[in-house]
Every structure is written in structure tokens, then in C-alpha cells.
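In what follows, structures are represented as C-alpha cells.
Two complexes come next, and they have one chain in common, chain A, joined by chain B in the first and chain C in the second.
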Partner chain A sequence: MLDKHLLVKLKSIVGKEDILTSKISREVYAYDSSPFIHEPEAVVFPETTAEVAEILKLSEAYSIPVVPRGAGTCLSGGAVSLYGGISLVLTKMDKILDIDTVNETALVETGVTNLNLQKAVEPLGFMFAPDPASQKAATIGGNVAECAGGIRGVKYGVTKDHVLGLEVVLPGGEIVTTGALASGYGFIPDLTGIFSGSEGTFGIITKILVKLTVMPETMRTMMAVFDSLDKAGEAVSAIIAKGIVPTTLEIMDKSMIRAVDDFLKLGFPRDAEAVLLLEVDGYEVEIDRQVDVIEEIFREKKASSVQSAKDRTEREKLWLARRSGNGALGRIKPAYMVQDITVPRHRLPQMLRFVSDISKKYDITIAQMAHAGDGNLHPHLLYDPDDPEEFERVEEASHEIFETALKMDGTLTGEHGIGLEKLPFMKLQFSEKDISFMKRVKKALDTNLNLNKGKVLEL
Partner chain B sequence: MDNKELKKKIRECNRCGFCQDVCPTYRYTKNEAAVARGRVRLARLISEGKYKWGEEDEITEHIKTCLLCRACVVNCPSSVITDEIMMKAREEINFAKGFNLFHKLLYRGFLSHQERLKVAGMLARFYDRSGARWIVRNSGVLNTFRKLKNMENILPMGLKPPLRSQLPEILKQVNKPKFRIGYFAGCATNTFFSDIGKAALLYLQHRGCQVEVPEIQCCGGPHKSAGDMEEAKRLAKENIVTFLKGDYDYIISDCATCGSTLKEYEELFKNDLQMKEKAQQFSEKILDLNKFIADYLPPDEDLKALDKKVTYHDPCHLVRGLEVTAEPRELLKRIPGVEFREMREADWCCGGAGSYCFTQQEMSAKILEGKIDNFIETGAEILATSCPACTMQLSAGLRKKSVKAKVKHPVQLLAESVGLV
Partner chain C sequence: MQIKDKFFAENPQEIAQKVIEAADEGFGIVPCGKGTNIEKYLASANKPVVMISTERMDSIQEFERDNLSVKVQAGITLAQLQKELHEHDVFLPLTVESHGRRTIGGLIAENEAGYEEYAYGKIQDYVLGLEFVTPYGEIVKTGGKTVKNVSGYDFTRLFANSLGTLGIITSITLKLRPEVEKRAAVILEVPSLKEASEISKKIIQEKLVTVTLKGYKDHENDKWRLIIGLAGFKETVKHHLQKIKKVLGSLNYSELDQAEVNGFWKEYYQKFPIYEDNNIVGMGDKRVLFKIAESCEKNNLFSQVAFSEVDFGAGKLIIKTPKETKETIKESLLAYNQEKFNFSFNFQKPQPGLIYKKIKTALDPNNLMFPNNRLTGGEYLG
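Moving on to the complex of A and B:
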């Protein structure tokens, strides 16, 4: 438990309604969407930037670790309190402060959910391009901190490409602004970029100025069925090679298809080895030609069937199916470890095949899906926590997948973050010098190492 | 559900967090313990032996604040049956700690006994109409008991005599009936909203149905929600026997909760060899009133214009229980002159949730306020719905905000339109 004086001070900052310390409260803030479980000593819900600043001052004064948390949907353990301390839950800072359609920006508080932002800008003809599968719950602050991707990533990029400026509370409580939010607009090094993907280890993001994207005039959504993951992967490479940049290119394997079909009853081809979901968007005149080329490629790569979404409802159902992938796996096994290794696109078929082989080699179920267009794979290694032997095999398989991805010039993480999960593998990807530089940056910003301690870097 | 099955169901939650988007109690608390993911996590800790049912008051509290609205269930990629897990949890807590006084008084004391309910209804009517209510409200005596005051506020105004006492005037022989209907006049319809039942019976007869209204027991829905499965089964058995005797074409209810509970009798007795088949026969005949009128009767040609702006609130037990959502809207749109306006989040729970509005007053009031705000936004003058518990809650919400609008069952508008009431 936290020091009594500290608790009194915390209460005086946020009010007694906004702090939880009971045993049971700590239990429900001990997890996120990853397999890691570590309890905080107190759960605090600031409602203003000033409150966040006061809390960080206390954290420095009492040397108490602070873990920022949004909706708690992190897949790499970023939101769990490894060293106890304060779980700083930012979901009560959930106001959309401004939507500016002329400058195509929105200013939001950190706890606004991705979906609520989408709902607010959609009637005005805009979208916030990053759309992680967790968008129903995940917050914009969390999206920035993890540099979330999404299914539109192929064409529109990831979160960092859509953040124009930030308000951040630094360790010690100083409130600063970066990028277009700051008055000193001309400072060239990308300070906003430093915080994108910093996984809550550099500062607490409290406000975000995001770039809005004009909704495309038209969209076409297609589903192609293949009798192997390889072929689906080859189709992806071929489409990209033709110079077409689809909005999304998503691959799902058989177990994934079955799990989501059990949920949504869409009549997916349950015996298909692989499904490729694809969307192109743009102006009406350019879309038809693209669709022709894509259909041609599907024929060449021997897709067993190709369907187009008839209307908006059908399209939304297809994407809901894709977004429900993670969650639906609970139908097969109670737990999973999901990776987000990324390989160069031409290596995608090879990597998909490798993961399938690994699944056989270690006798474990791996449900695969991939943001194929970015070469970003999501192998879900399923296990039962009550079977320690199986978990061991999952860990070994996991290790081998990481190593292979790196050998193929890939990276450990495309969008889920390093967190706790990939910490042991950092050395595989980065040289000692590189890691030492990262540590220096971290220490320059968070000298006393109180922010999200134990994540990303071993310090 | 035995403990092994419970554990399996609990573990199907892999903590994706999608439930946060649809859970009313999470929206107003932002507390992880008040959303399916957290509640199921707590149930899991117990199923794994870390805590025991009933021993941690905080866990008990979080289990009880679930509305059982099932919004999380239908939106969960793994279809985790949080509502059933919560009911099972409540059963276990009752088993460990015994029933609380509220439950003993209201559920086992009144709802289980129709004759006592009748007396209670008479007292409530006397209280409402004799001037006693006016005196009590103005004396300020209720202010000393905040909780009691809130309960009193929810009690409907202008109570009419119970439906059962009006039956001799309402029911009549129908020539060459198209259907023989057994009407399940639930406790709330009978005691508090006899106008709904009356409109339904008159309208069904007008459309050529021969209707009987057998003596019933409470459907057992409230008992189930509170984790009192034993009593729920006892009541269910009596209802099954009563209605099967009548050999009706369909058994119809105007109450979403009764309807969905009756439909689930089949599930309730799935492991009871003696009752299984009968329960199945019974449940197959259950239909929601809206659905019956919309899908089983030809369009009504006698409908006269009713110039009203109307919106519709989906009761949880109808939209996610019996999966009836288009039919009541269809009925409303069929009435000439009705301007139907869809309400934002029409399928969100109103916070009534059976006795939830009495037992969890603060949370219930917050959820209700959001619902009423959405209603005001539509600019409608009639808030249609198909559940007496929702009707009670929504009416109280309108009174509290001094909104001049009425809550009505679609069948009341149909009956009005053809001039029956």
C-alpha cells in the first residue's frame, strides 16, 4: 500500500471519488488485453491536465512509479503496473475540445475513444485515419502512446502520421506543448514524434491535436477466398507491385475465420484456408479500373471465390468481423499471446508459411491474421493458462517467430508496442549502442525512471 | 450451470475490452469493476479460488450493479454470457449469505403470491388516489428517507383497478376466431398498467382472436435476476401446467420481461427429465404482442389517423431477449398520421431493469437521465415501449424532468387509432 501521507495528498488533488485503493479495485486494474497481470497500489482518475501535473510532482517527490492507462486494451502489457505504484487512468479526460473542418484538425483530450472521435467527425465528412481493431474502447491518448496502426494503415499510415501536436505532462509535473499546439511552431526536430509510440515512458499525453482526413468519395470492399495462406500473401504482393494502394489488405486464416463467423454468423467460407479482405477508396472514376486489375490478380493467383460487399451494412459487417478477431479467439482457448511482427512485403508469404510450420512444430494452435498490406503479421498463439507445458511451447515458438522475422529484415512490433512482452527481444533487433542511445533519451526525459517503469527498456 | 461449466464460460473472456463501449454502468462510472470485463474477472478470481462468494462485499456490490441488459453479450466477439455468469454469481452469493431482506419481502413475499400482490395493488391504488400520496409528498416525511422517496417517485401515478377485476367487461366470445390466444397478464401489467392489458385484449379481439386470460404465477424473471433459481422454477412449473391445459395457439405477453422469461422456461428445465418436454411445448408458443400483431395478423385496415410524433425505446428483454426490434416500429409506422422519429441509443437500457431502479437508485437515475435526454432530442410527444418495468421507469424520468410526454405500448396507440379506448 502507498504511504498514508501520499494518499491524503492524492485525494486532495483529485477528490476522494477519483481514487481507488481497495483490494478489489486493484484487481481490476491489474490487467490489460495482454497476458500480463500486475496490481497497482492505487488507481487514480485525473480529470484535468493540472491534476495530472500535481500527481507527477508527487510521484517525483515520493519516488512512486506511475503507469498511464487509457481503456486498458494494450496487447503487450503496457498498461499493467509492474512495480505497483499509481495506475493513472485517463478515461475521465474524454472531451472533444474542437473540430476544425477548415484546417482539418480536431483537438481532443487524451481519454476520448477512437470510435467516439470517428462518430463526431463522420457527419462532417471526415475520418480519423488510424482505426485500430480496438477502436470501440481504445483511447486516442493510448493510440498515440502505442503508435497504433489499424486496418486502413496500408494507405493512410499509422497514428504518428496523424498527430500534429501534443500537450504533455513531463515527469516532475511540467506541462509542455509540442508541434502545432506549441507557440514555438518553428522548432524543426519532431518533438511530437518522440512521444508517438513512447508507450507512456516519456510523459503523460493529455491533449492531442489530430489531423483529420477527408472521407473518400467512394469505397469498394471485396473478399477473396484462397486455398492457402501463401497464395493470399502472393496476391497481396502482386497488387502492391501493380502500383495499387488499397485502403486495407487483411488476411485471416481458417481458425480466425471460424471464430468470427461463430460470432457474427456472416456465412464465411468455413473451410477456406485463407480469406483476403480488401478495400479500395477514392474517386468513383479511378475505382473501377483498380477493381478490374485486382480481380485479374485474384484470378491469376487462383482465388476460389471473389465477392464484393453489396452495401454499407455488408461492408461494415465485414470490417466488424475483422476487428472482432482478437476477442473471438476466446471461443477456442482462454488465452493468447499475439505478436505484431512486421516484415518487408515481399517476404509476407514466406513469413506466413513459416508461422504455419511453427504451429505444427510446437504442436500449438496459432490463429493468423495480418495487416498484409504493411507486411504486419498478427499470429495469435493460443494456450490454456492451466497447462504450463503448453505455455512453455508457446513461449519457445514465440521466440522463434521473433528471431525469424528479424532475420527477414523485419521488426519486433508494428503497432502493439514492446511493453513487457517484447522486452527480452530488444537485444535481437537493436545493437548495444542503439539501446544505449534509447536509454539516454529516456533518462533525459524521465531522470528518476518513474514513468511506466520496466517497460520497453531494461533500466 | 454447474461450477465446472461456469469456470469454462468465465474463461472465454480474453479481456479485449469491447464491452466498455456498450455497458451503461461503465459509461457512468468509468470503473473497470463496473463493466463486463471487470465483473467477469472478479468471477474468475473466485472460480479459481482466490476469493469466496459473498465474502468480499465489494465483489458482491459489483455483481449486483450489473443491469443484466445483455448489451455486452451481443457485442462480445467471444459471446461471453456475462448475464448468466452474473445470475449464477448472485445465486452463489445468496447461497453463501442468504437472501437479503429486500428480496425476501418483495420477491418471495409478494411477487410469489398473487393474492398478496392484489392487496398490495389495492393499497398502492388507495395511496395514489385517496389523497394520502399528496399528503405524504407534501409533508416532507419522505425527505428523511431518501431511498424510500426515490422508490415512491417511481411508483406510477393515476393507478387504475387491476386488469383481472376488469376482465368480465373486457373479454367476449369472438365469432369464428382466427387464433386462440392465452394471454399472459404479468404482475406489473395487471397491478400497475391495466390500461396496456386492456388495450391489448380489446385489440386482439377486434382482430378476430379468441382470448383467455388464465390465472398466473409471476413469470419468475425477477427471481432469476436475483439468483433465486429454486423459486423461479417453482413458479415456472405452475405456469406451464396452467397454459398447456388451455391448448392455445399462442401464448402472448405485452411485457418484454415476462415474454423472454417464459421463452427461457425451455432452457430452465433442460436437465429436468419430467418437465423438459412440457417446457419446450410451452416455450414454443410464446410470442411478443408486437410480433404477433405485425407478423401473424394481416395489416389492419381500420386504422384511423393519429397525428402524433412517436419514438420507441427497446426494452432489453425484447431487443436482446426475444430479438424483437423491427416489429413494434413497424406497427407504429402503420398508423396513419404517426410521425416516427428514431431515438439515439434506443436499445440502451433505461436503468429500470426490474427492481434495479429500487435497489441501485443512484446508478439507475443516471442511466435514466441519459435516456430521457435522448428522448427530448427527438422532439417526440410519445415514448412508446413494450415493457411495464421500462414504462414505470421512463414515466418517472419524464415526470422528474417535467417533460410533457406519455409512455405508451404500441398496442395502446393501435387501440386508440381504431377507437377501442
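Moving on to the complex of A and C:
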């Protein structure tokens, strides 16, 4: 598809140093952070919006498939080149263009990493609230395209809650702006929102105007251990009922606790069924009372132990168990599949319990951690890649997990995206009409289906 | 009169049916809540229209306190909903005093915000899920009731400021907030708008629990006033009131408690209703707003109008003017707006942009949805 003639054209757009076609580079860019592997025919690194526009015009004229890509940390196959063509890597568009403390916004190019933005605004007393665990590498454009969440999400929401406007190049090469970057903002439709979680299928995001959040004066970290999932769940509800919105609220189930404890010998009680890790932030004058209320609730709900961190080192200690989850699981089985279902918050204990029952039913190990405050579960289904029969059981268990989450008014994915991975399950969540509406909008923006075709929807 | 029919739907199926029938006849379709504000515009419609009102679809379908979510039909008014939520100590951050009589569906179609916009943003930020009827008469769902959801495309914000031109919203799941512990406000008379803007800039820098930051002036009382609203934990509100006092220095001010704050806004919006045809509204970059406000003051523009509000927190300007002076005021405002890109007015002809055009053409190829409003090329009634 990408013959010499087209490569020459591409080189004339971006310069020869910004295009890779060797076998090895195509192999490198065949991956994202999912198990899906599909090689592009060329890897192109535009440096300006104008270059992106020229590339898309070329793609339109010659029907070249294009897959936008940030850091490639996508967990669902969104950034791999299913149909070959161009892998459009946006990491060279990495300038922070403006930080505006009056409007409390920052204007960034798509390839700025989440962490670099954090570092730039922190000295001014601000933060970019979404803080995915991949923040060192993941780009703001990738965050928007996947609507990334982070551990501060309980209080501050997800990426879409912090995006005010976009500059986007549409598949025909037209450069457009939305939201607060569009002229007439406030009096015209604001279509910024549809790009959230669009997984690079509507257009290429080139600039993003993000909302900044005032950095909280202070923060407290607490950990509580419970001998029942229900008590932990009740504690979560009781905290929210008191009008306290924690910054972070993470939960680990028995299998995860055991795995971590066997690995690190942290001395968790053997009958521990749930560990809650909770943070609150805010102003100095208000924080201690919140901590008191939360500790009181933990005691009322019969937590078997409650610990609070008084400083940074103690905080790191409390976080150690949570952060070591993935490593600890590696000692049990060589591989795992992580799911990302999300249920209404109050259904979380029920869902956690269901998943642990499923692990018995299919005789597999499932270790669970979850962003409890958002109802977002990450069951890790462990398997041995050399045991195809076990993998089959893992897939069947996943399927049942999806179905149950949907029955609880939940969703297939809270933050990892549909990509290629969950494509076969879209029909479980959406009606034919819902899907046909999605297709109509996709085709309205990308009539010739050159942009990341085969992700989100089967087309 | 071009209105063929005003249909009061009881459920989404009826709406879908009505949309299909109207489309068959080639009639325009105008979604509305109460519709009171809309009828006058329809006199000039370029084709006969059917109004579809969701007024009777006004129930709360599901309230889940523990999930901080509520699902409502589109026709419920904000006041009805807030009353119910209030009893459970949660709220939707859109203020009843300013928008109480509007329906939730209508508020989304205009992406409205209350007087606490500075802290809480616009209604689109609270939409978790939607059900709507497309111009083809299909009932479609998007989003859900979880705060995190990236399954399929997210169309929960597709309708933000779409003014009824893309479909008819029938049901909405909203994200709620736990009621704040304490609200308070400081109100003061300032010698000039310039003074109000200087104070506001300082307040913004202080990073307080500010929810409102507005200057306003009415013709009865020829003085600018500044209101600074706070909401948060009681210790914080108390502490931040102290900080504000420091900023104000020797200026006289009064302090309002929670009940007084509510009373203040009730009276405010009775006196200055924000849905008046003659209101000029501008919004955008706050840095530009500060400059425009300064030019207005320098050129005595505010003395020619009945009422003015400068929302330093939300970046908004509202001017209520008698008909006679409206045109000259518009001209002056345009002249003061040096950075045209970042600040816009409601009297400028809207350019909805290419993405909207593409989507609009795909969803509603015959331009049946609200065929004559300001987005769809009808007479512009800014």
C-alpha cells in the first residue's frame, strides 16, 4: 500500500529524519501495552499541526490507514496498526504553550507527558488532576483519547472533566477547534466531549486546553483492614454519606492481600478480606476533622486495624502494598489478564464477591484491586500461557464478569478503552440502535474510514 | 402561525413516533420543555413545525444516594429536582434561584451554569448518561451511571449547547455532590469597577473556596458592588473569610450567612432575570473580560444601561439595556474586544464549526430539528 512514491511524499512533509520504515522500527511500533501486535508500514513523527494536516490529506487521497499514537501505553490495543499504513507518533509535539493562572488553564501540545505537565504547573500551586499510573510516559492526547483516570479520580473526576477545548485535525486534513479554543465559545455547540474516549477514531488531537486544579494544601493517608468485604463496603458508603469525598479510595481483596503479604511479609492478618487505602486532601484547617470522622467510621464498621501516615515515608509504606500488587502476582503465575469493569459505587462489594466466586467456579486465581471510590474494578485473572485450557477458562470467566457488571448497571471498561480487546463485547452493552448511532457519527467525521479503523466499532 | 401541533409526550416511545410522523410530513421538529421562551421564535420558521414538549415527563426515575447519582426524565424542572435532592443532603451544582423553572433537558441543550459556575462549571460536567430520540426517531442511550465509563463513544456531552438541533433528550443520569457544610458570602460596595476587578484578581490568586465572584450594578443604585461567595467545610469558610477581609483592607463590607446568601440570590434574579431578550451576554477568557470591563468603565458605557454584571469568576459579562441604546452598546463592546478570538457575545452570528456541520448533516440530513434557530441558519434573533 505504501509504495515508494508515497514515502517520498511523506518525507517531503515531515523531513526524512521523522519517518522510520526499517523492519525493526516497524516491529517496535507494532505493539502497545496490550497483547495485540500489528505492524505499521511506516512510523511518522510530525512536529506541527500543519504536518499532521498534510499527512491526513495524503491519507485521504490515497486511502492510507492512519493510527494516532502517543506513548503507546494503551492497554486495549488502541494504538496498534491493525491495517498497516502509518503509525502517527505524536510525541514530538511536546511543547507546553501557555500556563494561565488567571483562567487556571494550560494549553499543551498533544505529546506533552502527563508528568511533564504536572511538573510545570506545580511550582505555581496547581496540578492537572488526572494522574494515571502511566503518567511518566502517557501523553495528554492519549489521556484525552482514552479518558484516562487516576487515583485522585474520586474527588477530581476523570480526564474529560478537565478538558476545556481542543485543536483537532479531521481525517480530511481540516484543522478545527472546539470548546474554549473555538471562536464563539459559549454560544455554539461544544463538541469537545465527543473526543473523550474516542480512541483516535474521530480525528487527531493536536492541542489541548486543560483546566488546572489548585494543589491542595495538605493530604492524609490511611489504611484499614477488614475481615469482611461488606464491612469495607459499608465503611465506604458511610464516609460518602458524611459528605466527605476522599481524594483516593482503593481496595484490595483477599487474594491480592495474600499475594502481596507472601511477597513482602507486611504482616496482614490471615483473615483479612479487604484492605482499604484512603487519602483525603484539602486545606490545613479542615483536614484533621475529616481524618477523625473517617477513623471513627472505620472503628464503627469494625476494622481490624487502622493506620494513618504522619509523613511522606509513612505514606510510602502504606502505599507499598497497593503498588506491589502487579509484582506480587508475577510470583504466582507468569501472566494475567486485567479487566476494567466499573459498577455503581454501592455495588462494589457485591461485584468483588461475585468475582471471587467466579474464581472458584472456573478454578483460576483472580486477585482484585479496585478504585473503590469510582466503582472501577481491576480483577487480575492469572494464567499460564503454556496452558491453553486454563486460558480458555480465564476467557470464560471474563465473559461472565462482563455480563454481571452490565447487569449491575455497570460498564465494560472504566478507563482502559474498548480498543480491539473488548470489541466482541460491545453488543452486550449496547443495542443495535446505539451502535448504529455511533457508526453514523464515526462516518460523519471519517467518511472513508482511514482513521484507526477497527477500534471501538466493527466497521 | 407556523406551529402545526404542540405535543405533550408522556414517554420516549411517543416522541420517537411523533418524530417519524413529523419527518414524513416534512415538518420541522422543535423539542421544548415548557416552551414558553421558544414559541415567539417559531413565527418566522421556514417550514411548519411540530413542537414536542417533555413537560409531562417530569419524574425522578432512580435516585441512588450511595452512588451519588440520579436519573430523571428530561422535563423535570431544576427546582423540583433540587427540592428532592436537598432532603437527602446532596445537590446538583446548578442554582435554583437563577434557573429553577427551567427543565433539565433544556438546561443541557443550552449547557447552562448557575451563579456558582466559577467552582462547579456547567451542567455538561454532571451528565453521566443520556437517553435521546434521534431525528430518525430512534431511541438511543449513551453513557450510564458510573463516573468512569469509556465503553463505546461518549455522547453525554454531544448536546451541550446544541439548542435542540441534534435530537430530543428524554432522560438524563446526573452526577451529584454531597451538600457542602457551609456557605457564606461577603458583599461590598466598591468605588469603581476597576476596584472590583483588582480585588477579584487578588481573590483568584489566594486560591480560596470561592464559588462566586461577581461585580454588579443597577441603575437604581449607581454604585458597583462585589459579591464573593464561599462554600466548603466550616473551618475553611471561616478561615477564608478572614483572608478576604485582609484583601479588602479598609473597605466596608457585610457578611452573609447561608440563609442570607440564598435570600440574596432569590431577590437578585427576581430583579434581574437572566432570560430577557434585551440582555447582552459576553463570555470567554477572563483576562479579556478584565480589559473589556475596564474599557466599558472608562467610556461610561455602564451609565447608559439598566443593569450590568461582570462575573470575574466565570468570565462572563451581562448587560441589560434599553432598546434605544442597544445598538450603540453592541458596537462599543465589539470595539473594546481587541482579542476577538477569545471572547464572544450573544449578538454575534454563531459559526458552529465544521465538526458540528458534519455531525448535523449526518444525523439530520433534512434539517428538520429546530429548523430556524440560530445554529441552523434561521433568522438570527440574538
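Heads up, the rule we're going with is that the second predicted complex is superposed on the first by the 402 of 459 C-alpha atoms of A that agree within 3 Å, B and C clash if a C-alpha of one lies under 4 Å from a C-alpha of the other, contacts with A are read in each partner's own complex, and residues count from 1 in each chain.
Basically, a contact is a pair of C-beta atoms (placed from the backbone, for glycine too) under 8 Å apart; a residue touches a chain by one contact, two chains touch by 3 or more.
As the structure is a prediction and not an experimental result, all values here were calculated from the model.
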Partner chain(s) touched by A:243 [first = chain B, second = chain C, both, neither]: second
First, second, both or neither for A:178, with chain B first and chain C second: second
Partner chain in contact with A:431 - chain B first, chain C second, else both or neither: second
Between chain B and chain C, more extensive residue contact with chain A: C
First, second, both or neither for A:137, with chain B first and chain C second: first
Which of chain B and chain C A:214 touches, first, second, both or neither: second
Which of chain B and chain C A:361 touches, first, second, both or neither: neither
Footprint overlap on chain A, where chain B in one structure and chain C in the other make contact: none
Chain C residues touching chain A - in the complex, by the definition given at the top: 64-69, 89, 111, 124-125, 134, 138-142, 144-158, 160-163, 165-166, 177-181, 201, 204-205, 207, 209, 232-233, 235-236, 238-239, 281, 283-287, 290, 315-316, 340-341, 344-346, 348, 350-356, 358-359, 361-363, 375
Chain B-facing residues of chain A, complex: 20, 22-25, 27-29, 31-33, 45, 71-73, 89, 91-92, 113, 115, 134, 136-138, 259-260, 262-263, 324-331, 334-336
Footprint of chain A on chain B - complex, ascending: 11-18, 20-21, 30-33, 38, 41-42, 45, 56, 58-59, 62, 76-80
Chain C partner contacts - residues on chain A that touch it in the complex: 100-104, 125, 146-147, 149, 153, 157-158, 160-161, 168, 170, 174, 176-178, 180, 182-194, 196-198, 203, 214, 237, 240-245, 282-283, 285-286, 289-290, 342-347, 371, 374-376, 409-418, 422, 426, 429-431, 433-438, 440-445, 456-457
